[in-house]
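Okay, so chain A shows up in both of these, paired with chain B first and chain C after.
This part shows the complex of A and B:
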């Protein structure tokens, strides 16, 4: 039972990271109807920026954190202008391929600069964690969970209660109509890319102390996050969060009770299960094409 | 639009069709020369390895040109399928001493099964699912190769892989692989012009229309995906024999990316492009070896190339070259003359061709179509009219199977088609056009209509491609566009595209033709010509169900009218009586 609770805590912590990246997926998908296959690389790049600032340059942690997020915002701008925007009028296949190209470009540029050795990033807190009864609560996992909860609340508030959020929603639902109403569609899309790059970056920075900072972390996280969005229901914000948490828990228990080397395979099995038996996910995807 | 008298055969020379094997003889002679060269010319080991790699990789990239180029579906796990083939041959010949040929066949089968299963679980869904699932599959295969040490020897890889006794020397084995490449290349090259290839291209261009002209979209995609997987497996099996050693890192996701880049660079829609891309991306890294000293740099360049190719050269190098050649040659050949079109609608059932009972379609709480009955009489023109938002197009979409009926029953010529998917309804004798034109835009008018003529259940098509082309030409001539049959869709005006859509439906020789607002967007002359065309269709006894807003067209063409308003039937009967019906007048003009 103690082990069970401990695993549950770890699973929720890992799941929260998947949820954050999944949220980034969903936001871009809703705004542009495109799945951004470079979403995971946002996390990886941000983690490396943290290594550059906090480890190599010895800047204070909070300053490195802010600079890394600012760097991600810039990356979001570059990504939109260089990858998505020129292809916005083409069908979805070229756009998907371009984002895959971007993901390969980012991962291997970092590899070329930093080499294949994984880097280590310290956690935010000095205290490694607290013992709560039988469960040891790692401080970094606590931070991840807290940030995820805060961001989900922020997201809700932002999209449902602010004018900018409503404009973004309008853009994602009907670009032509939105532009007729005087909303600048291209700046809304730009904001979406910046926001999801920052969101992905945040996930990367938070998870970096738990995992190693490596080239592969981006694609690993992205696959899990994508599986999470399918499990939750594609394009659904709540679904992304629930799917992410579920996947983190399943994976942690799978690794503990079944097999460690195949830990990364469980996500795929769950994914296939959902694709076959409930492709619309837990919350359901809205799919319709008009004849 | 041309005048109806255009129905006369157009006088053009009919090119004498030589038997296919004779026309393709140059290809086989060329291939034979290549194989002979590979078997005789002595090269050093380094060059031999490069040739071996290029030959096997090209076969795998051919697979991508089928799935991505022809069918428009993405496959980011080609290295995994390649690896499956390679490992089956490797483990089979080295650990279990099974015959090479059996292992090669086994590798293809394993890849085929993996591809078909993966496709079957994902291809009903959107393309982004497929991309992610293939990446995941790629990761799983790599995981298994590294961790299932009892089977795969883990990271050490498999060595001492055997070759067939017939091709024991390195040189003869290379010649064998070149021969395989030539065969696969021939097959992929001609796939585009087979029934399956046309179906794949139709699915790529417009899935919805593909289903409506009678193509089983899901099955076509699975075939394409499985075919690509088999080619990957075959290439991998050949590769394993060639190098006698395989290890997991040769089949990683990075390699899948390399295949994708090869395919995109050369030109994804043609095997020639695949060969060009493969050759370049194997040679360039050999020339620029110094770049290899920095890990990751190559793949970073590949990633950047993918973005740039997609943006600036979406058809790849070969697409660029072949477009230039086409411009020089002015390729549009005049089509052969055609006889006049015969429509012989099937007459299995009784007097009523289409019987709709209590049909309803709800979207959540919205009753778009609510308990509607329609009886369409054989040989007549029946119109379905109603104000905007009255449920006309929804009704048509339920009839052709794009929407599932919430309730009710649809009988076509006595067959219950209520629960059939679109392509089976088409096979049962339904034909339709769309309000917003849905043609296969990368193909010529003739090819579009040929796909229509290919409808399963079209009894008029007997005997191969020639009959198909003839039928399609007849249909195009019937609508007055016979002389422009070999032009691409994009060069036709809106009105002409509409006619091509009608020709596509007519070529299928349907029992019932559904026309969704055919007059929308046409000018007054075009409308008159459309009216003439409808008369000529009806004169051949084909039953038509037409939706339109143009009251002149409807009242002149239709003998029978059903009126919908707010999803319900408010009037039904003989044209003139219905149009004078007070409910109909008030629905259109409002009440006082």
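This part shows the complex of A and C:
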């Protein structure tokens, strides 16, 4: 039972990281019908910004955090204007390729500026974790889980209870109709990119104390987050969270009880299962609303 | 002036062919001796690639300062292997296409050396390697020369130190599932069986894991009283070390060289304090090691490790061998390398055997609150 509880906590913690990045995938997909393959690099860039502000410049952690998120908002604007906007009238394929190109550009730019050395970023708390009976709770994972829960609640409130959220939803469901109703579609898409970049950045900053800050950190997480998005259902916020948590738990338990070397294999087996038997994911894409 | 289509075509032809004409003239003059180097500039081992370039460049500067090779300055041609097997095959093929390159530096990663080995055999020029899978120099490829002791030695030293010096009998082995980790894990398991203490756990893991909780819990449940490891990437080792300590596993740990690498020490911090490692490079192990440590620190303001030491030795030995051979003919260089005996290097004293293995022993070092302290050197005669 002790082993089970420890694995469950770790699985939820890792799954929450996937869920945070998956949220960014979903939001951009809903708004633009395009998968942003640079979402993982948003996490990496934000983590490096934190290293620059908190470690190199010795700014207070909270100030570094706010500045890093502001930097990510700016990156979201640049990304929208430089990558998506010029190709917005083209089919989804050129846009997807452009996002892959942008991810390579971001990774190599950081490599050129900061060098290849992985960096250590301390967490929010001085205490690395707490022992609760037989289970060790890593404080950073606790924070990640708490932030994920808070973001789920915030997203629900934002998209269902605020006018801006409803405008964003309307844009994602039918851009022409939204435009006819007086909604500025380009502004809504810009806001979506900013929000997704900030979400990706938040994931990167939160996970950096656990995984270290490296050029590869984004792509490693993004691959799993992408799988989580498919499992949960592309286009569904709740699906991204459920998919992320499910993936984290499945791979952790699979590794512990079946085989550690095939840990990644379990995650992708589940992905293949969903692609074959339920391609719309657990929650399904709301195709009817888009038709 | 009007530019005709014919003028444009002629200009284009001159533009395209000029570099080759000029280049071949320069090559004909043979102004420099070229050495090719496949190294990760990008990918997960880009940091180690930087250390490797640092070591190689220090050796190059020393060789050139001492008069170069065959009276010419030595030039290093670097290609990015992207830390992948396809990447190193591509990088090596690019370098191999340059006929004026006389020798090469391959990878420290055994899996990459396996990937490039068929092309090395086809080319027939000497390639210096740092990969420690024992098979690399035992598969009939006469052009591979190893500048680190192989894992048949590291496994024996880890087992010997843990069993005889630390007095521990119940071993848990954790290793990556790539060529390096698998071969290392096997070597350690065999050495432990030979000492009458077979491992109670042999646990592999895939590189680039984000979480090691299942591995740590397996170690905990095995009841082991000592841990032996073969980690390929320092990032993985850092995450594992932290989780190991967080989940309350405090048994002694004797690891392969990555456990005492500069990056691991920095990333894992206190989680690695008190661990033991077998290290091919230990600064206090010899005068040559101390000398390398000093020039490296002076040049780069940081401590060296095996990532920079083996390329330093590889350039030094290759240059010395070409000078001794008096020729850049591959066969003569090979014979000259194999004839080198008691050659002092940063990694140790080189005595090449017929297989191309230059070193036959390991140092044991300890992480004393972040400082890597030399304990002893164990040398083998086989």
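Details
Throughout what follows, the second predicted complex is superposed on the first by the 272 of 291 C-alpha atoms of A that agree within 3 Å, B and C clash if a C-alpha of one lies under 4 Å from a C-alpha of the other, contacts with A are read in each partner's own complex, and residues count from 1 in each chain.
The rule is short, and it goes like this: a residue touches a chain if its C-beta (ideal position, glycine included) is under 8 Å from a C-beta of that chain, and two chains touch if they have at least 3 such contacts.
Keep in mind it's a predicted model, so treat the numbers as computed, not measured.
By the touch criterion defined above, A:129 reaches chain C but does not reach chain B. Once chain A of one complex is fitted onto chain A of the other, the partner contacts of A:138 are limited to chain C, with no touch recorded for chain B.
Residue contacts after overlaying the shared chain place A:215 against chain B and chain C alike.
Put chain B and chain C next to each other and count what each touches on chain A; the higher total goes to B. Once the two complexes are overlaid on the shared chain, A:102 sits against chain B while remaining clear of chain C.
By the touch criterion defined above, A:237 reaches neither chain B nor chain C. When the two complexes are overlaid on their common chain A, residue A:37 makes contact with chain B while staying clear of chain C. In the superposition on chain A, A:279 makes contact with chain B only, while chain C stays out of contact range.
In the overlay built on the shared chain, the residue A:86 is in contact with chain B alone; chain C does not reach it.
Contact with both chain B and chain C is seen for A:115 once the two complexes are overlaid on the shared chain. Touching of chain A by both chain B and chain C, each in its own complex, is seen for residues 108, 111, 115-116, 215, 261-262, 264.
Contact residues of chain A toward chain B in the complex are 29, 34-35, 37, 82-83, 86-87, 90, 92-94, 96-98, 100-112, 115-116, 215, 219, 223, 226-227, 230, 261-262, 264-265, 267-268, 271-272, 275-276, 279, 287, 289, 291. Residues of chain B touching chain A in their complex: 72, 74, 76, 121-122, 124-129, 131-133, 135-137, 139-140, 143, 146-147, 208, 253, 257, 260, 264, 294-300, 302-307, 310-311, 314, 393, 396-397, 400, 402, 434-435. Considering their complex, residues 41-44, 46-47, 49-50, 177, 203-206, 208-211, 213-215, 217-218, 221, 234-235, 238-239, 246-248, 263, 266-267, 269 of chain C touch chain A. Those residues of chain A that touch chain C in the shared complex are 3, 6-7, 10, 14, 17, 108, 111, 115-118, 120, 128-129, 136, 138, 210-212, 214-216, 220-221, 252, 255-256, 260-264.
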